[in-house]
């Protein structure tokens, strides 16, 4: 059989296969380069970047839970300038679309970040993380409110010509309403899901296990919630979706694709298996061959048919 | 050391220890009687009961996911009259408060169920499941909208003198807003969490794994989300909380208690270990002895102190 | 009465490709177990996989308190089971479910097993032979090497015929061909079947055509295994005017009268 | 360069209560491993526990390509590790992290190990002895039977002193008492420490008081182990005017200069 086609296009970002990395779990790529050939990835989504460097939360920042982890990193990052000057030149040696995950406290922050990254050679697109606390709106997450989410997206779209992927939070009553609002505001693609809000308690110390009290739940535990979100949004809207949440194997990735994702991102699984991304790419290809599918496109949303 | 006190009181329901069963996972008690001494439970919460018998959803109704299960039973049950005539007399032989979980399609259904169960000897309280699709409101869950949730609770409170525990859904942007609304409407206690909305896809068949497409995620996977919900609501409101979601061990139960739960319910864990409830009771007692705590009350919400 | 016990592995034996025969010391279970019942096994101490796995009782040695299981490795749970060694202990609940209704002594019965579905039928056959029933076991498999029982050298206290999809052993074709030949020929008083859905459906239509009663043992995904969660239902004809009703495979089954089942 | 390989268990040996010494065949790792580095181990094939576990390199035999680990069973991951038998394979990433800075040859160094914290110090001591450093290893434990090394019959190519909280072996009191005696007496050019937070803190204040440089190996909960997730940070003095900065134990550590660490 001829090699099946794995290439996909997410809002103009051309990926040689549908597998990318989940922001915050793959650093800026260099960390995993000893273990995995970055050239083989469909794309890379880098750690959440802010206008200025961020110190992040005090430790403990991570705690293991059943089939998952809670994290509260607090967006520690060296800032967008450092990204452009140090991390991006490193990544440009690879044949790999680089998607920059951006986060801010205010609508203006997002717009400024988008403007700063616009036209920077080597940046293929932006992923707008709207699941961070909005200082201006009193601690409510942008991502929880369709209006503020839309405002962020409009500001970002106004500041850049890059493809804009908007990353949705699952911690809402209706992810479809949120999706509709940001697509209406100009989002070129959606990525989902960010982590579920959770916490754990250290019963010996009688204190929250994370210094930050609450954290974001990721890993296989959340996969059913993520697949459901992709399914619902695919059903409601025609917009490319990057699916993620607990993908460990090619079978997991295929669940997202059949639910409606054009591409998938691998997050927590990198921690378990540094070659998770390329193992998944190989597994998807094997599945296509086994099932006699010549093009991955045939499987996107396939579980909605029949 | 003297045996520590494990007894708790949930809105007038006196439990000899804080451990009860999660509705729908323990049937009407008789199913588990060969394996566990029902007299040792703090209380029993029976399968969701409706006015008329319900046939439920077609199979497959269950699928295993990482550290969790998705279920879509569809409230199959023999109806409230059958419950009163057959299941309740059986349970009355035990020294055990019986809490009846009720569900309906309309506010009137809930009120009628509450009225029907009011004054029935052997019923210690009602648990109002407001996470079911609301037919009148076009498929939106009562539990997702504070106003409709409050309407249900007012109707139930108006129809019964029994203690009313309201069971909250985690599939909302703010569980605290929901909690506030139902407490304002008269809820005597809250139980949380019901299942997370999720789904899985059978990639070989390219179809949703559950006949009902979506289902409810339960089990250890959701514990961090459940502990977070209890923590948030305890912090915002002074109302007794029955905590549940992924409790398998005494340590898990203690997380909920320290987060603010007065009692805990064991659900999916019964499927793994039919003695999960009593093992947890013993484990809690052991922990109290080890830590020199003479009364479980000292631990309720303990992680909020300091 | 059903119990949940830590049962010790007496013997673990590979008897075919991915096919294992497990013997467990479980006198509390063998004591009351009848053919068609199953046990619900915790295959691991941790949370992956989370649920127990249902396996039919393949036989018992009541004198020695031994319970026999015959199982096929198809995923995580059964693979873990196959890794258990003599002396290890497994959480086993059982005996669970409603077994087969036994026919009047002397009656001629046919057992139809598709693949691993033959597991409970061997136990049934042994009991029936002791009750002086005339027993014929029909075993179907994809090909000779996948036959769970009935291979060369296999001895059973009853008549046995084999069918394989690829003709590599016995009849070339579905096992239901063998059943049809019997029903059309010498006939049978009762048919018991266990196997893939397609085979059961075909068996059901043969039973209807030849007007022979039958009982089928079904498989469904389970949660509790004891009737508490309503996860494991199958579609059956309804009682009292109801067009259909979902019944629990774990307690109202796994064995159901063939005519009660609704196929769609 | 770090690799991720399936390393075969060469030997698994229980050397105390809940204490194990594991030898793995991992020539790709031993080749470049230096004292203070660690490996990141997948203790299971399934999802429970989900994450890998970091374990310090306790020693290497470069000729044979063997990597030695010394670990204490404290939970699920280490219990699974202790269950691995000769011939089994484990996913091992390494060598990871920044090891100890070695002192000038001939300098007198003291190694302070609290409990299992002694594991990387033995590897360090062996290397230092080869470089003609004068090495003294101080080992602290709660009581004699919990001593990870230094028990009767234990031979090391360097000086060794023991302290136990209950006085059942060696000095009766914290291991830092022994350090203080040395610093107040003959002195030391460099101190390396690994152990519980309280012990490190106390060591830090002794180093400050006697103005001796030191390096500490820290432990923090990890996600990726390679610097990508920012989970494993510890609080350090900031650079360039910043009052403090979080640094990653897995790549900027696990070994940090004592004076950079902030205790609160």
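In this document, chain identifiers A, B, C and D correspond to the written order of the chains, with residue numbering beginning at 1 in each.
Basically, a contact is a pair of C-beta atoms (placed from the backbone, for glycine too) under 8 Å apart; a residue touches a chain by one contact, two chains touch by 3 or more.
None of these values were measured; they are calculated from a predicted model.
Asker: Which chains are shared contacts of subunit B and subunit D?
Answerer: For subunit B paired with subunit D, the chains in contact with each are A, C, in label order.
Asker: Relative to subunit C, which chain has the most distant C-alpha mean position?
Answerer: Centroid comparison gives D as the farthest chain from subunit C.
Asker: Any idea how many Å lie between the Cα centroids of subunit A and subunit C?
Answerer: 46
Asker: How big is the gap, in whole Å, between where the Cα atoms of subunit A centre and where those of subunit B centre?
Answerer: So the centroids are 34 Å from each other.
Asker: Using mean CA coordinates as chain centres, what's the gap between subunit B and subunit C in Å?
Answerer: The mean C-alpha positions of subunit B and subunit C differ by 36 Å.
Asker: Using the touch rule from the top of the page, what residues of subunit C touch 2 or more other chains?
Answerer: Correct list: 47-48.
Asker: Any chance you could list the residues of subunit B touching two or more other chains?
Answerer: In subunit B, 66-68, 219-220 touch at least two other chains.
Asker: Based on the touch definition given at the start, go ahead and assign the chain network to line, ring, star, complete or other.
Answerer: The chain contacts form a complete graph, every chain touching every other.
Asker: Under the definition above, what is the set of subunit B residues touching subunit D in their complex?
Answerer: The touching residues are 66-67.
Asker: Mind listing the subunit B positions that touch subunit A in their complex?
Answerer: My answer: residues 65-68, 70, 144, 171-174, 196-201, 203, 206-208, 213-215, 217, 219-225, 227-228, 231, 246, 251, 254-255, 258-259, 287, 299, 302-303, 305-306.
Asker: Hey, which residues of subunit D end up touching subunit C in the complex?
Answerer: It is residues 44, 46-48, 76 of subunit D that touch subunit C.
Asker: What part of subunit C is in contact with subunit B in the complex they form?
Answerer: Of all residues in subunit C, those touching subunit B are 1-4, 42, 47-52, 91, 93, 220-235, 242, 244-246, 251.
Asker: Provide the residue numbers of subunit C that touch subunit A in the complex, in ascending order.
Answerer: 47-48
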